[in-house]
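Below, each structure is written out as structure tokens.
After this come two complexes, each holding chain A, first together with chain B and then together with chain C.
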Partner chain A sequence: MSRSTIIRHPLSRRQVLKGSAALGLGSAAAMGLSPAWATPWGHSSVYSKGVEEGPEIALAIRREILPIDGKTASTFSINGTSPGPLIRLKEGQDAVLRVTNLLDEPTSIHWHGLILPPGMDGVPGVSFAGIAPGETFTYRIPVRQNGTYWYHSHSGLQEQVGHVGPLIIDAAEREPFRYDREHVLLLTDWTFEDPMSVFRNLKTMEGYYNFQERTIADFFADVRQNGLEQTAEMRGMWAKMRMSSRDIADVTGSTYTYLLNGHSPEENWTALFKAGERIRLRVINGSAMSYFDVRIPGLKMTVVAADGQPVQPVPVDEFRIGVAETYDVLVSPEDDQAYTIFAESMDRSGYARATLAPREGMQAEIPERRQIADRGMEAMSVHMDGMDHSGMSNMEGMDHSNMSASEMEAMGHGDMQGMDHSGMSDSEMQGMASERAKTRENGMLAAGEAQPGSRYGQAGIGINPDERRVLVYRDLKAFTPWPDRREPGRELELHLTGNMERYIWSFDGKKFSEVSGPIHFEKDERLRLILVNDTMMEHPIHLHGMWMELENGQGELIPRKHTLNVKPGERVSALITADAEGSWAFHCHLLYHMDAGMFRVVQVS
Partner chain B sequence: MRNTSMTLALFAIAMTGMVATAGASGEHSGGHGVANDADVERTISVEAGDMWFDPEDMSIAAGETVQFEITNNGHLEHEFVIGDKAAQEAHREMMQDMMGSSHHEGGHGGHGGHNMAEGEHGGQMPAVTIGAGETKTLIWTAPEKVERLEYACNIPGHYESGMYGTINL
Partner chain C sequence: MQIKHFLTAASAALMVATMATANADDGYDAPDSWPAPMQEHNMGMGLFDRLEYSVPDKGQDAVVWDFQGWYGGDVNRVYVKSEGENVQGDGEDAEFESLELLYSRLVADFWELQGGIGYQGGVFSDDHAERTYAVVGLQGVMPYGIETDVALQLSDDGDVAASFEGEYDLRLTQRLYLQPRTEIAVAASEVDEFGVGEGLNSVRVGLRLGYEVTRRIAPYVGAYWQKVYGDTADLSRASGDSTEDTGVVAGVKLMF
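And then the complex of A and B:
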């Protein structure tokens, strides 16, 4: 219906000009000239790749050679830029987005986080057939929400070559905070390799991009700290799982250049401000595979929205952003100086960087990168349930006195009956407190209660909570309860599963190609989705078409999200109102995990 | 509000030796700047929302006694505290510390008193806490020799979201 086969040049003259300006931009930066994204005072420098204002927008996708980090890169561009332009809509609009495919392969755009008709969701094979080469597809979206979102290709691995961009919806009513200026910070991970060869490398050789394996020196350090027996045992367990305890990410800085608004750390994109202003930073993780820890040394950040939804403000020094999540934070720099916006990849193999400064050309110190963390007991907790325990008879007798609180909280409780908890403080016990949560007569937890096995009080691996104040899921709290106040009528439990060695990722042990049909939600039912991570990696789980209300223990003020980070060994839950009839994608948002099979269709009928 | 008494106790310990006593987290009586009904020269209506005050600035003559009538139209509890920028900041940091790091429960519930310096001349910070939907009043006499003060809500994150205004004296 909204499909047209007429091939014509969809670019307006203005867009063509902008495209060429963008082309010139990188080379200007390379020559040391004043960068093109520096705008004079009085103009917004919200985002460096151009803005397309709704309600009617035309987008053209093409293969284009653009400079990235001063080098020649083969990208998929959107209106001449990669990542694409900022799409700006208003709450209440009926947006019309015409997307023309100038590639020689099918493509698509998914509007991540938007609640919309199923045919407009942009997932080939689920919501529509995709956009064939030469075709224009018209998306018609009633915009009935506001906040910070993004868009990206949902075809194959196209997202990896820069087929992504920010999407902002301005609120119809006053938002619960005020600010003088805003900037978009879009984080992506760029590789000069062909994404298909990245995927092949992952398939054929586990740990291909992991050069941070433990060394013999580490071994002796561990022995000094933990004793020979325990060290040998831990190593033996990792070896059995065919993993290194340093497999924090599958794809790392050994191939990735981490970009902020398309710019490498050396290019140092600059977000301008005037001292005394309050600035809204709309942070979007549009990466294929990378989690980031974001901070601005010298500035407190106040988190005011998560996944586009307002939350009660939380002042923090740092926050972790999973793939596909968005956070809005406010900062108030009082001084006429530069601040480094530092987004360190979770595996510490690299970082994205920009500068918040009163003038162009300024910079501040770049913080030292932290050491890569080891996955300790945390990652093993689930595996101790499933694995052959014969090699672990010493577990019960292990001395846990050296364990950190996070390791303690992370452990499965079932296996640890014999443990001596005497050294634990109250805060270390908090992970277990959730087991005292309120239970209803039918045995199910009351709505909003945290699941036993959840770790909403922790930011995750490689974060030292004593070092600075770090956002955790438990901090997220809505202003008012979401409209559907019903208790869940049923629970649906899904396990996040994988085989690292063969690079197979799945739900409940079955790849998408192996399942016979969709997951069924009864139209208008209220259900609880429980996600249990049986793997040793974080997975950002995304449901299309409906919100997930994250049961982080905040009762009726639980936050709603489109993407939930599930840590290794963790069990999280969300309430869903199945009000969106149709077929919807449900998947891990790590691109290569999705492609490997960690994907399902949810059918609401 | 389970934390209130504990928080207050902690607060009292923290403040020992600085100022004698603080009231509960509601209205304070006595102390500098807080007058009684009879002295009120005018009433100023203030609307408190999530996360703003309306108006965002006001002018009051030095020595003038005013009654603030603050209505909370937001969904959350708010406070209305008068002090200079530095005192507000000190108060804010203290409140956040008292609530523990963001990793611990407590949220935006209980909080302590306000016996910080209102300005350079010392004394308590006049303050009132207003629950969602409530209206509270605060009678206050503007000090001499101070040019500018702020009224603010220092519940963690609220000031940072823009919940403050300026009093020009």
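And then the complex of A and C:
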């Protein structure tokens, strides 16, 4: 079975390559070379063409020259496509996935978000030895969950080269929502550079990819708006810290082409629908380094699942998706018209785009791009003396106009709207709520309560909550309590740390090569993991093997996730049931942060 | 010719750096045959901060370079630094004002402590007076983003000198920058041979306007003013040179 799969794809692809060369670029190439699951008609419950369906699946990993954005690209392909095929399993199956390495280097596949035996998790050096060139590794996974997930290489920087794909598990029982058609939207960030040289550039020159730095013109614009004194004070604070308030993404659109289902904005991949249908969009952020803000102008999106787990419906206009997160949203286009699916990178240096349309060849307007925002006090606070979270009052003491100059997160540069919704007042509110919250005799917060210093009510930098309704972590609410309803027996606090100048990233100030042992979880204990972000960057923190129940203040109905976005200066917490004996990876899912040392092993025993 | 000392020292320093960046063991029970989940990578880079043609008002034209390169990990690195010039039309070969081989260790987020040996003299020629020296320095970024390199030199004859270099990039556009820089040299004792006097030797202030064609290539134009002081000025006068000069430069900043 595996052999036939391996041989079939390259042949058809070659034919298509000839054809597309004759036709030039555009939709012909787009149709022929898209991953099989990215068919314009999506998949209804009976239509599953081009999908690798379980329980037995064979996958072959190769180095292949494929066109990306119409240019020649050296990719890692899976069964002939890059990104790889949609893997479709059923809840209750015992899946057997045979992965053959046809590269000249070791590889691996990690099934992101799946709860599985430790030997099947696919992290070289933690769960197994990796897959050597020419070898086939057989993953045997008892599938006991459902939802939208993804898979990717956990070897070196391979993920950056397209070694990723979507993974969907169909539910055994009816899900709490209905839909007529579904589409997978896999977001990735592609670079034509060698990922190792991207890493070297980050290591050797700060701001290498940032072409949206503040200039002298920004300074004068701020002076006009806020006066010389306040501008000088604000810029002085940043300069003193030797940091850039425009440091929103380490790797930007200056090298990345943002892809949706493997297609560039110009290629405009199209997802088809019939007016009146309810469509489920399974959105996966499979990029190496990029957060996206996703919206479909003209359509309300109803968020129904986060990280594969159902949540109570939240109608939104836009949602931010951190690296490695997944969201399922429902849309109901009533009209016979095209809609743009617009995923803007968090630093506004580029976007991924596709079209939702009743017919091929249609397109809608591309929304105007927002300007990069400047980071504000939250990002700065951890680096300034006496400005930890308890020192929030410090900032309150500052005069109003100063706040507006720095703040902020909620605004585009120079945009004074949305001030009342500024992050500060929000986190202030949340902090107060938490203080009122009941604490148990041992001094710990009750399960499900939001930590002081959390900002679950904010979407984050560059989002103006006045402009449209944006999903925030506080909106996420499970349908029923998760099985383990014990209070946490202990708290484990980890700080997210880094040295931006050297591009060293770490937990508690120590990169992976400097730590002396794994993080220990007692088998079957219930613990609270507290993550404190001491850096000025967002970090999507991913725990393998166990769910993290995000304590976003929803009490018994807190959502559970595999990846938590921790904003600069923020303090978030999650409850964990340590029921998965063995060694598990725990890391920041920004690829180059992980590689720079932001990685630990969790041992449950 | 003392360059061969450098080669011996270079290999020794490289070994130190490589050993110091070896991976630590995470301590969980994985079989020995498994690879480490995360690999650390040593890397290196080279930077001609200045590679320029200088046209002074009074002195002679010269090709001037200011180079540094390093190899190593996050904490331990080996540096090669060199500054020098080739004065045009003086019939002499190029001269290293300094050629240094340094071991460097990250001691704070923005600071590296560096130490090693240096050489001053001709580049593969005996046209210039030679000496070797030991050097200890601190390189890093000061608050407000001023790139700094301070060093203390002790020569093989026991002469002590110190230097300070600072530069700052002011971003005019995303690619256009204005870079003020300054160099100050002081010495504890007079060394006639090298035109070094006791006390404050020289101050040099420059301003460059550069354009980053890419992050790695930035052509620039600039101007500078320099003045020598005290005993050093006397030595200059004695050898018929002026004590104060201005000049214009055109060059390129190269990173690889």
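Here is the rule we use: the second predicted complex is superposed on the first by the 511 of 605 C-alpha atoms of A that agree within 3 Å, B and C clash if a C-alpha of one lies under 4 Å from a C-alpha of the other, contacts with A are read in each partner's own complex, and residues count from 1 in each chain.
Keep in mind that, in the parts below, a residue touches a chain if its C-beta (ideal position, glycine included) is under 8 Å from a C-beta of that chain, and two chains touch if they have at least 3 such contacts.
The structure presented is a predicted model; accordingly, all values stated were derived computationally and were not measured.
Novice: Do chain B and chain C fit side by side on chain A in the superposed arrangement, or is it a clash?
Specialist: With chain A aligned, chain B clears chain C, so fit.
Novice: Please work out whether A:Thr75 is in contact with chain B alone, chain C alone, both, or neither, and reply first, second, both or neither.
Specialist: neither
Novice: Name the contact category of A:Asn552: first (chain B only), second (chain C only), both, or neither.
Specialist: A:Asn552: touches no partner chain.
Novice: Which angle, in steps of 10°, is spanned at chain A by chain B and chain C when each chain is reduced to its C-alpha centre?
Specialist: With chain A as the vertex, the angle is 150 degrees.
Novice: Once chain A of both complexes is superposed, is A:Arg178 in touch with chain B (first), chain C (second), both, or neither?
Specialist: first
Novice: Quick check on the superposed pair: does A:Ala585 touch chain B, chain C, both, or neither? Answer first, second, both or neither.
Specialist: After superposing on A, A:Ala585 lies in contact with chain C but is clear of chain B.
Novice: For A:Gly156, using the defined touch cut-off, is the partner it touches chain B, chain C, both, or neither? Pick first, second, both or neither.
Specialist: Second partner only.
Novice: Based on the superposed arrangement, let me know which partner A:Thr480 touches: chain B (first), chain C (second), both, or neither?
Specialist: first
Novice: Does the superposition put A:Arg502 against chain B (first), chain C (second), both, or neither?
Specialist: second
Novice: For the overlaid complexes, name the partner, chain B or chain C, with more touching residues on chain A.
Specialist: Per-residue touch count on chain A favours C.
Novice: Just to confirm the geometry: in the superposition, how small does the C-alpha gap between chain B and chain C get, in angstrom?
Specialist: It is 36 Å, taken between the nearest C-alpha atoms.
Novice: Name the residues of chain A shared by its contacts with chain B and its contacts with chain C.
Specialist: After superposing on chain A, no chain A residue contacts both chain B and chain C.
Novice: Could you pull out which chain C residues touch chain A in their complex?
Specialist: These residues of chain C touch chain A: 23-31, 33-41, 43, 45, 74, 106, 109-110, 141-145, 170-175, 215, 255.
Novice: For chain A, which residues count as touching chain C in their complex?
Specialist: 106, 123-126, 128-130, 154, 156, 196, 199-201, 203-205, 208, 211-217, 236, 239-242, 499, 501-502, 504, 511-518, 583, 585, 594-595, 597, 599-601, 603
Novice: So in the complex, which bits of chain B are touching chain A?
Specialist: Against chain A, chain B makes touches at 49-52, 74-76, 96, 101-105, 107-108, 156-158, 160-162.
Novice: In the complex formed with chain B, which residues of chain A make contact?
Specialist: 174, 176-179, 278, 300, 302-304, 312-316, 330, 332, 427, 430, 457-458, 465, 469-472, 474-475, 477, 479-480
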